Structures are given as structure tokens and as C-alpha cells.
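Note that subunit A is present in both complexes that follow, paired respectively with subunit B and with subunit C.
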Partner chain A sequence: MINYIIRRLIAVPLLLIGVTILIFLMLMALTPVERTALYVRDVPRNDRVLEGIIKKYGLDDPWYKQYWRWLFGTTITTTEDGVTTVENIGGILRGDFGYSRTASQPVGELLARRFPASLELALYAVIPVIAGGIFLGVVGAVKHNKPLDHIVRIFGIVGWSFPDFVFGLLLLMAFYAGTGWFPPGRISDWANQIVTSPAFHNYTKLISIDALLNLRFDIFFDSLRHMVLPVISLAYLWWALTLRVTRSSMLETLRQDYITTARAKGLAERTVINKHALPNALMPVVTLGGNTVVGLLSGVVIIETVFNYPGMGAAAARAASQLDVITVLSFVLFNGLILVLANVVVDILYAYIDPRVRLD
Partner chain B sequence: MTEQQTQSAWQHLLDVRNLETQFHTEDGVVHAVNRISYTMNEGDTLGVVGESGCGKSVHALSIMRLIPNPPGKITGGEVFFRGKDLLQLTDDEMRRVRGAEIAMIFQDPMTSLNPVLTVGFQIMEALKLHQGMDEKVARARAEELLVLVGIPEARQRLDDYPHQFSGGMRQRAMIAMGLSCNPGLLIADEPTTALDVTIQAQIVDLVKRLQEKIGMAVIWITHDLGVVAGMARRVNVMYAGSIIESGPVKEIYANPHHPYTVGLLGSLPGARRDRTKRLYSIKGEPPDLVGELKGCPFAPRCAFRVERCAFEAPVLEEIDSQHIAACWEKANVRRVQ
Partner chain C sequence: MTAQEQPAETTVLAINRPVNWLEHLVGHDAYRTLKGLATNPVSVIGLILLGMFLFVAAAAPVLAPPVSKDDPYNIPRDGYGAVPKVPGTEWKTRQPPLPFWWKAVTGKDQWVHLMGTASGQWDIYYGVIWGTRTALFAGLTITLAGVLIGVTIGAVSAYYGGAVDMILMRITDLFQAFPFLLTAMTLSAVLTPRLGKGLLAPMIALIVFSWMGFARLLRSDILSLREREYVLAARVVGVRDSRILFRHILPNAIFPTLVLASMRIGSYAITFAGLSFLGIGAEVGFADWGQLLSFARDWMTQLAEYWYIIVFPGVTLVLFVLSWNLVGDALRDVLDPRLQGSR
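Right, the complex of A and B next:
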């Protein structure tokens, strides 16, 4: 098992290098002028100044030199009017992704500010997906073709076939425009004033959790109220998929000979299901788990836009609509990192469940 | 229940009376097991033979009450085991019988062990459940059992997963699992079919040896008459969900009185067979068990067929005190050489 984990972990840096090369090649497809956003806040209109910047940061060097600089940054010493300035700039490994034109701030800061908001959304979405999806999938399989199974299946089919943005808009129409229960945004204005005040400590940057830690239950409930609709529309599709996969995989597993063996031993049905069937049935669900992470990451782009929720998905959507390529590719890079890590977790979980994986 | 009935129920280890199992499918009701009756004593060995789909396995699963419901259902009869009717027990009571008093091993050892649990865990489970052993005692006993069924380095192998075992070893582990609580009856559902011939012989010998040691009764389900000959004392021949002939092994082999049994024996490859001839096979297919059967189920394939076979089903009648067969022409049926 430990050997297996080590082997998987060794692959991580290699994968990440691959991801960065791919993304950098996309950057190289841009003109050097567009790439200046990696290093300077505003692209100057003056051609000569522009040329100077391109020279200075080596934006027309061969790609591998630029790639190196993009990864590790560079130190540039300039002497102007007798004053020598030393500039440490660039380097995604140092957290410098360049400047976001659409957000008017460095991409690194944008990510740091927006990521916790999206993470909060995704975390709350994962709970119903895993707990509800797997649990109800098992219930559906065990109560195969009974009323409960049909109810579960209908909910599953609806979620599976409904585009999440349409679903989100319908929710907004019903519960915001209609009843006013669940407003869009991340937090109410009054709460925002408190959250941004120095008296409020941001431990995790996840507002709902920070509110609890600050014992501000009013803010906790306010943030939950804002998250209800986006979380539901984000989770529904993946909840439905997890449910369907769990249900069919569980049905398949319950038909296996070893389940009959377990029953023939006199085990209680609960033991048969939880101990003998579930670990086998979970294998495809774990695989789907990796896809769920990817799905939630791309899901936030649409859901945050629909609900005007200030997460990184909304920022990415805005950047994309205004051709802010540097920002978009930084998001892609960030998602790539999360994806690689999610896949490692999936692989390890897989080995944990299935001894045949871990031993080869 | 009168004194006498109680007595008669106790005479036998297993007393199956008019057991009937049906499956409700989209095509209609499948009559998988049709009112079969037989008895077994402590320590007995019974062979159950027949083609695929003749109800051998379903009858065994019915005794264990492991018929998947839906679609299957035991629709009638009684199964007395040590005097109690298994079909009347509550689910909890039945669970205490399964694995403890009646154990079952299955056809395909490759799929009947759970791939994600260690062999040791799977053997220890029944011990902990039925005998209340703690981890340590159960582990020691599981090791003993693996030694008993002839698995070398038993202690280390307890922590192996099924995929680290060969097919023969898995079947041995299944047997160890079945024997763990010293059951009164072991039902072996084609335990050698998926194994190659040399391993088959080993498994047969193993079960015979263990049977002598433990004194349990064995129902050996197979389509291989050769295995039954070396194993069982009595044989039930099943066709289309019914027992069509039953008797002592030697008697059935020497003196079959049902055309189907004759056909089965005729299709055995033997050492003295004329090798220039093709191996005999029973022509035609077993009947579709959907809906009620009219007449003798074997009639369409039968060489001894007479007129009444088509509309009147024969009943089991005595040939002698040990031997019964269900055929109108049983007096004329002879083994063909």
C-alpha cells in the first residue's frame, strides 16, 4: 500500500510539469504584446515603450527560456538615470501569475480572494453529493423496484437531465423573485460591513465557518441563506449522477455470487450490504468522484454567474468574455492543479478499497 | 401436532415435502421446482443430478431460503430440518440456521469469495457470528480449518485476498468456510464444475474425508454422474424441476428405469466405449418451464414415448422399496449399452 502511494505521488510532479507545459504552450500562441500582461499592469499604447518591455522581459525569446522565467520568475536589474533598480518578477511558483485586466489586480490576488468563496460553495455541494447520493443510491438498490426506489430514481433522472443553469434560473425565479427567501450574492450588505471590519477575524476565509468561529450566528445564517440556491443547483447534477452510479453498481454487486455466499453464512442483511456489497459497489463511485471534482470546478463558472456569487468561476467567466487570456489560463492552471491532486486522492482511495489494485 | 408426527419429523435430518418454487418473470411464471420430496439421514450423502436449468440449484437455494425475492418465491411445501420446518422460521431464526447448521458451497470459487475481504476475515465471520468467538480465537480456528482443507502456510494465507489464491485453493477456502461451524448438512452446488479434472478429484476426496471426520450429511449437486458414483449413496435425478427417478447409486447405474436417466448414463464417456462411435447425447432441449406443463416433461425427447405421455404426467412409483421412478413405461426401460 505504501509502495503504491509513493509511486502515485512520484507521478504528481511529472503530471504537473506536463500541465504547466501545455498551458504555457497556449500562452505562446499569443502575441508577445499580449504576454506583457504577465509582467506589467497596463499594456502601453506607445510602440517604442512596448518594444522596450518585450525586450526587457524577453517576450520574444525561445519558448523554453520564457517557460523557465514563467515558472521561476526572473531578476531584472535596470539602470535608469543613474538609479539601479532590481526587480524580482514573474514566476508562477512564487505566486505571480501576471495581471488580470478584467479584475484590475494581480491574478494571484484575485485567486486568493475568490478561491475561498468557490471552495465554500463546493464544500457545501460535496456533502449532499456524497452523503445523499451514495446513501440514497444504496437505498434504491436495496429497495429495488419498490416505491422508494422509484422516487429516488425520478429525482435522479430529473437532476441528471436538467442543465444546471436552467435549474439555477428556475430556482432564482421561484425562491428569489417569487418568495424572496434566498437572495443572490455571497452575503448581505450589513453582514459584509461586519465581515470586512477589523473586529471580525478571517480564520479560514470561508465566511460561514469564520462566522461560527467569531460566534456571529446571524452572519452564519446569512451566508447559508445566500448559498442555498447555488449549492442546490451545483450539487443536483452530481448528486443525481452519484446516485445513479451507486444504485446501478449496487444492484450489480448484489447479484454477485459472493453476496449469496455471505447470506449463506447467516450474516444479517445489514452486514451483507455494508460490509460485503458496499466496498465493491463503491469502486465506480470513487472513479466518478474524480469527475465530480472536475464537474464542480467547471460548474461554479456558470452557477456563480447565474447567482452573482463572487467566486473564481464568476471571475473566470468575466475574464473569458473579455478575452483576458492571462486570467483565464491562470484559472485553467489552478484547476489543473486541483484535478491532478483529486486524481491522486481517487487513486489512493481506489487502492484502499480494492486490494487487487494495491498489490500489482 | 401429534406425538407420532413429531416422531416421524425427527426420524430424518432433512425431510423435504412437496417443495415448490416459482419465479415470476415478464414471460410468465417459471415453475423451477415442482413439488419435490425426499428425506436424508444424519451423515448421508445424496447426489442430485440433471441438466443445467433442471432446478437442482434452485431447490438447494430454496432449502437455504436464499431464493432472490422478487422474482422468486417458495410457493409450497415443507422443509423439515432436525424436526423444524425451515419455511416457517422467522428471518432471524433462519439466519441462525444458515452457516451454522446448514452450510453451502457454490459452483464458481472465482466469484463466490468477496474480492475485497481477506480469506481469513471471510472464514472468521461465521465463527464470530454463530459461535461468539472473539478475534483471536476465531483466527486460531480459521487457521486450523485452512490446515484441515490442505492449504499450506495457513497462518500467512489468512491475510491473503482471494485473488492471491488459485481456483482449487479458493474452493478449499470455501469448504473451510462452510465447515467452520460443524454444520449438520453441507450443500455443495456443483463445487467441482469450474475446476480442472485433477483438482476436481482432490476436492471430491477432501469432502469425503471431511465428511467422515465431522459426520455431516452432504447434498452433492452436479451434472457429472461420474462424480456422484464415487461420492453418494443415493441419487435424485431431476428433470424440469421434478425428481423423476431416485434410488441407491448402484441401483440407478445398473438398473435405470427412467428414459432420461438412461440417456444421462448413455452420454457418459467410458473406458470400454466404442471409440469409433460418436458420444451419445439426448436429443432436443429441456422444456421451457414457463407456464404449466402438460403430460410428461420428457416426452418430446423420449424414445419410449407412448400415447398417454403427452397428456398425463407420470407420478413417482416404487420399483422396489429403495428405488422410485416417474415413467409410464418404467417396466420396459432398460439401460442401452
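Right, the complex of A and C next:
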């Protein structure tokens, strides 16, 4: 097991280097002028000044020099009128991703501010995906070809065909514009004033959790109220997929000989399903876990835009539509890192539950 | 043609029942696939839906005549007002040519906004009709290009094996390590200033990150077929490697990839519409369903009143994706009977 984990972990840095190189290649497809946003806040219009900046930060150097600088940053010493200034700048490893034109602030700050909001959404979305998807998938398989199974099947295929933004818009139409129950945004204005006031402690930056820790239940419910619709729209797609995978894997497992054996020796059906079939049937679902993380991260881009939810995805969508490549590329980088790590966790988890994986 | 007239060799094969003209024409395997598709109620619904979309796409100039024949994808606007108009409102300014069937059906000379207008007075009906062409074009092109790249990489990888396989599969891993939508969005933003605003940038961006699933699937299918007896037999007889790959292995290994492709067309159409919903891709006013849906964002608080901005394009998009998914699902059941009803 330890052997397997070590082997798997060795691949991580290689994959990470690959990810950064691919992202950097996209960056190199930009003109040096567009790349100045990596180092300067406002890109000047003056050609002579621009040329100076490009020279100063070496934006037309060979790609490997620029790649190195992009990763680790650079120290620039300038002497002007006898005053020497030393400037440590750039370097994604130091958390300096450049300046976001669309958000008018450093990308690093933007990420730090927006990420907790998206994380909060994704965390709440994972619960129905895992609980509901697996439960209904098992029910569908056990009641194979009964009416309940058909309902579950139809749910699965229609859910999979329903684009998340259409679903989100329809929910908004019904439950916000129609009834006013669940408003868009992250939190109401009155609650926002309290949350941003010094009396309110931000322990985790996840508003619903912080509200509980501050014993402000009104804020807790307010933030839940804002999250209901985006969480449903974010979750149902993966919920439908988890359901389908669980169902087909469970059906496959229930056909195995050892299940017949378990039934033949007189075990209760409940034991056969829960103890003998389910653990094996869940393996493909664990693999799906990595995909679900991918899906939720991609999903927030559209869902947050639909619901005006101030998270990472909405910021990325806004940056991309205004061609602010530096910003959106940093989001890709950040999410790519999360993804690589999530896949490692899934692989190790998989090896833990299925001993056969460790052998090859 | 009846069974009696057939050459003797055909009847010697496993078919000892009458063979109708279609089976004779397309061959046994393809006939079985077609028959399976035609008798499965799920796929029949899917095929009917798909047929409707193909009809709408083909008949777009008749269903919604364009103002200018050279630029039919530009949705006509009835003025510039911000407040949407309900379905059935009459056209006031710059009315496009009246479709001939409208007069035949209603007896009126006045063309109306069949599905209302969005903010900015874009005609929703026109966008839905011409958007069908955009969706079909984008979905099919992205999938086809993805399959071509995927099949090439998967086949080369499985065929050469060793270091080539290792490198190609690690590259595939790498491309899969990116969050799909976010990366496609980025690449599209990189490409747009270079290719101009339009369909090309988002489509290329989606293609670049769409081939990995096809490559992996084909590779694993080839690897398992490579060990079969009939391949060994061909090798023993001295058939060239490339001929074995293209004539013996690929035709048998390609089916799961094609099934996957048919199921992906719908999801690429969703992603493409999603990108244009976010404002990435075509110009404002281009006939595209995602574009139409994005107009709804101007009226978030009053969507109950202006429901037609999302319901018409939204339902159309759902039905479009559903039709491909139903056909793909049935195709898989037919091509792999072992899986029948297991999903």
C-alpha cells in the first residue's frame, strides 16, 4: 500500500509541471503587450513606455526564461536619479499571478476573496450528490424493471440532458421571480452589513459556518436561503450521473456468482445488498468522485453567473467574456492544482478499497 | 430480392432466415443496428425529435425568412426598447419577409413575434429556428474533430505501444487534468482577438479539450482486440501490421467510440451554448440558443412575467440534447446487448 502511494505521489510533481507548462504555452500565445498585465497594474497606452516595460520585465525573452520568471518571480533593480529601488515581482509560486483588469486588483487577492464562496457552494452540493445519487441508484438496481426503477431511469437520463444554466434559470423564474422565496446573490444586504462589521468574526470565510460560530442564526438561514437554488442546479447533474453509475454497477454486481452464493446460504436480502453487493458496486462511484470535483468546479462558472453569486466562477466568466486572459488563466491554474490533488486522493482511496489495484 | 436469389455463400453463413432487401443492402451487422434502433421505443422518440430538428434546420429560410439573405444568422430586432414583448405581438419596425404559410394558416398579412421578443427586441422565434443550425453545426463539428483526433492518438498509442504509448497517454492525462469548461473558456479568450469574434474561437477551444475520452476508449478496445484469435490468424498468414490495424482491428474496435461520440454531441451543444450564455463566442444577436438565454439575465427579477425569454430557447435546447442522448443510449444497447437495460 505504502509502495503504491509513493508511486502515485511521484507522478504529482510531473503532472503539475505539465499543467504549468501547458498554461504557460497559452500565455505565450499572447502578445508581449498583453503579458504586461503579469507585472503592471495599468497597461500604459504610450508605445515608448510599453516598450520600456516589456524590456524591463523581459517579456520578449526566450520562453524558458520567461517560464522560470513566471514560476519563481524575479528581482529587478532600477537606478533612477541616483535612487536604487529593488523590486521583487511575479512568481506564481509566491502567489503573485499578476493584475486582474476586470476586477481591478491583484489576481491573488481576487482568488483569496472569491474562493471561499465557491467552496461553500460546492460543499453543500456534494451532500445530495453522494447521499441521494447512491441511495436512489441502489434502489433502482434492487427494484430492477419495476415502476420505481423506470422513474429513476427517466430521472437519470432527463437530468443528464438538462443544461445546468437552463435549469437554474427555470428555478429562478419559479422560486424567485414567481414566489420570491429564494433570492439570487450570496447574502441579503442587511446581513452583509453585519458580516462585514468588525463585531462579526470570520473564522472560515464560509458565511453559513461563520454565522453558526457567531451564533447568528438569522444570518445562517439567510445564507442558506441564498444557496438553495444554486446548490440544486449545481448538484442535480452529478446527482443524475452518480445515480446512473451506481445503478448500472449495482446491477452488474448483483449478477455475480458470489451474490447467488450469499443468497443460497440463506442470508437476508438486506445483508446481501448492504454487506456483500454495495461495497463492490461502489468502486466505479469512487472513480466518479474525481470527475464530480471537476464537474462542480466547472459548474460554478455557469451557476454563479446565473445566480449572481459572487464566487470564483462568476469572476472567471466575467474575465473570460472581457478577454482578460491573465485572470482567467490563473483560475484555470488554481483549479487544475485542486483537480490533480483530488485525483490523487481518489486513486489512493480506490487502492485502499480495491486491493487488486495495488498489484499492477 | 428474396432469399432464394441470393448467392450460395451468404446463406451458408449464420443467417438461416429470409433476408430482406435492406439487410442485403447494408449488411448483417448494420441491419441489426438499424432494426434495433427502429424497434426500441426510447430511440424512436429520440429519432423523431432528431428528425424534427434536422427538418427545422433545413427549412429555416422558409420557417423564418431572413431580412438579408447574405446574413441570415443575424437575429432581426423590432426596435431597441428594453422591455420584452409577449408572444403574438405584431412586428412594428423593419419587419422581415412574411413566410408564405403564415398567410395560408391565419389569413393575415401581419407577421408577429411568435415567441415574443427579448430585451433589445431580438425576435426569439427567429433565434430559436436559426439557432438549430448553429447547434447542429457546433455539436457535430466539435464531436467529429474530437473523434478524429482521439481515434488517431488512441490508435497510434495502442499500435506502437511502449514509449510512444507512454508519452501519448501521459499527454492525455495532462489534458484531462484541466477543468474542461474553464480551460475552454480561457483558450477561447486567447483565440478571440486572433480569430475575431465568432463561432471559430470557442469551437477550436472545445475541440482542443474534447478528444481525450475517445482516445482512451479506443486505445483500450484495440488493446483487448489485439490478443484475439482472428488477429493472431491474420498475423500468422502474414498480413501487414498496418492492414491488420485498419482492416481487422479498427472496424471492430470503433463502435464503442462511435456510441460515446453520439452521446457527446448533446453535451458539446450544451457547453457551446453555455459559453455563449456567458458572452464568450459569437457577437450579440447571433442566432444561438445560449445567446438568447443570456438575454434573460437582464430581467432576473421579472422572469415570471417574461417567462418566454427562457422557456422557448431553454426547452428547445433540452429537447435537442435529449434527442442525442436517447439515440446514443439506444445505440449502445443495440451494439452491446450485454448491457441491455442496465443503465
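General observations
To be clear about the criterion, the second predicted complex is superposed on the first by the 358 of 360 C-alpha atoms of A that agree within 3 Å, B and C clash if a C-alpha of one lies under 4 Å from a C-alpha of the other, contacts with A are read in each partner's own complex, and residues count from 1 in each chain.
Here is the rule we use: contacts are C-beta pairs under 8 Å (C-beta built on N, C-alpha and C of every residue); 3 or more make two chains touch, one makes a residue touch a chain.
Please read all numbers here as calculations on a predicted model, not as lab measurements.
If you put the two complexes together on subunit A, you find that subunit B and subunit C both fit without a clash. Looking at the shared chain after the overlay, A:354 reaches subunit B, while subunit C stays out of its contact range.
In the overlay built on the shared chain, the residue A:262 is in contact with subunit B alone; subunit C does not reach it.
In the overlay built on the shared chain, the residue A:145 is in contact with subunit B and with subunit C. Looking at the shared chain after the overlay, A:81 reaches neither subunit B nor subunit C. Rounded to the nearest 10, the angle at the Cα centre of subunit A between subunit B and subunit C in the chain-A superposition is 70°. Judged by the touch definition given at the top, the superposed model places A:189 against neither subunit B nor subunit C.
Within the superposed three-chain model, A:47 lies out of touch with both subunit B and subunit C [touch as defined at top].
Set against each other, subunit B and subunit C differ in how many residues of subunit A they touch, and the higher count belongs to C.
No C-alpha atom of subunit B lies closer than 13 Å to one of subunit C in the superposed arrangement.
Note: residues 145 of subunit A belong to the subunit B contact set and to the subunit C contact set alike, using the contact criterion stated above. The touching residues of subunit A, when paired with subunit B in their complex, are 145, 256-258, 260-268, 275-276, 279-280, 353-356, 359.
Taken together, the subunit B residues at the contact with subunit A in this complex read 61, 64, 66, 70, 95-100, 103-104, 106-108, 111-117, 122, 125-126, 129-130, 161, 163-164, 174, 177. Contact residues of subunit C toward subunit A in the complex are 170, 173-175, 177-183, 185-190, 192-194, 266, 270, 273-274, 277-280, 290, 293, 296-297, 300-305, 307, 310-311, 314, 317-318, 321-322, 325-326, 329, 339, 341-343. Interface of subunit A with subunit C (complex): residues 15, 18-19, 22, 26, 29-30, 145, 153, 156-158, 160-166, 169-170, 172-174, 176-178, 184, 244, 247-248, 251-252, 294, 297-299, 301-302, 305-306, 308, 316-317, 319-321, 323-325, 328-329, 331-332, 335-336, 339-340, 343.
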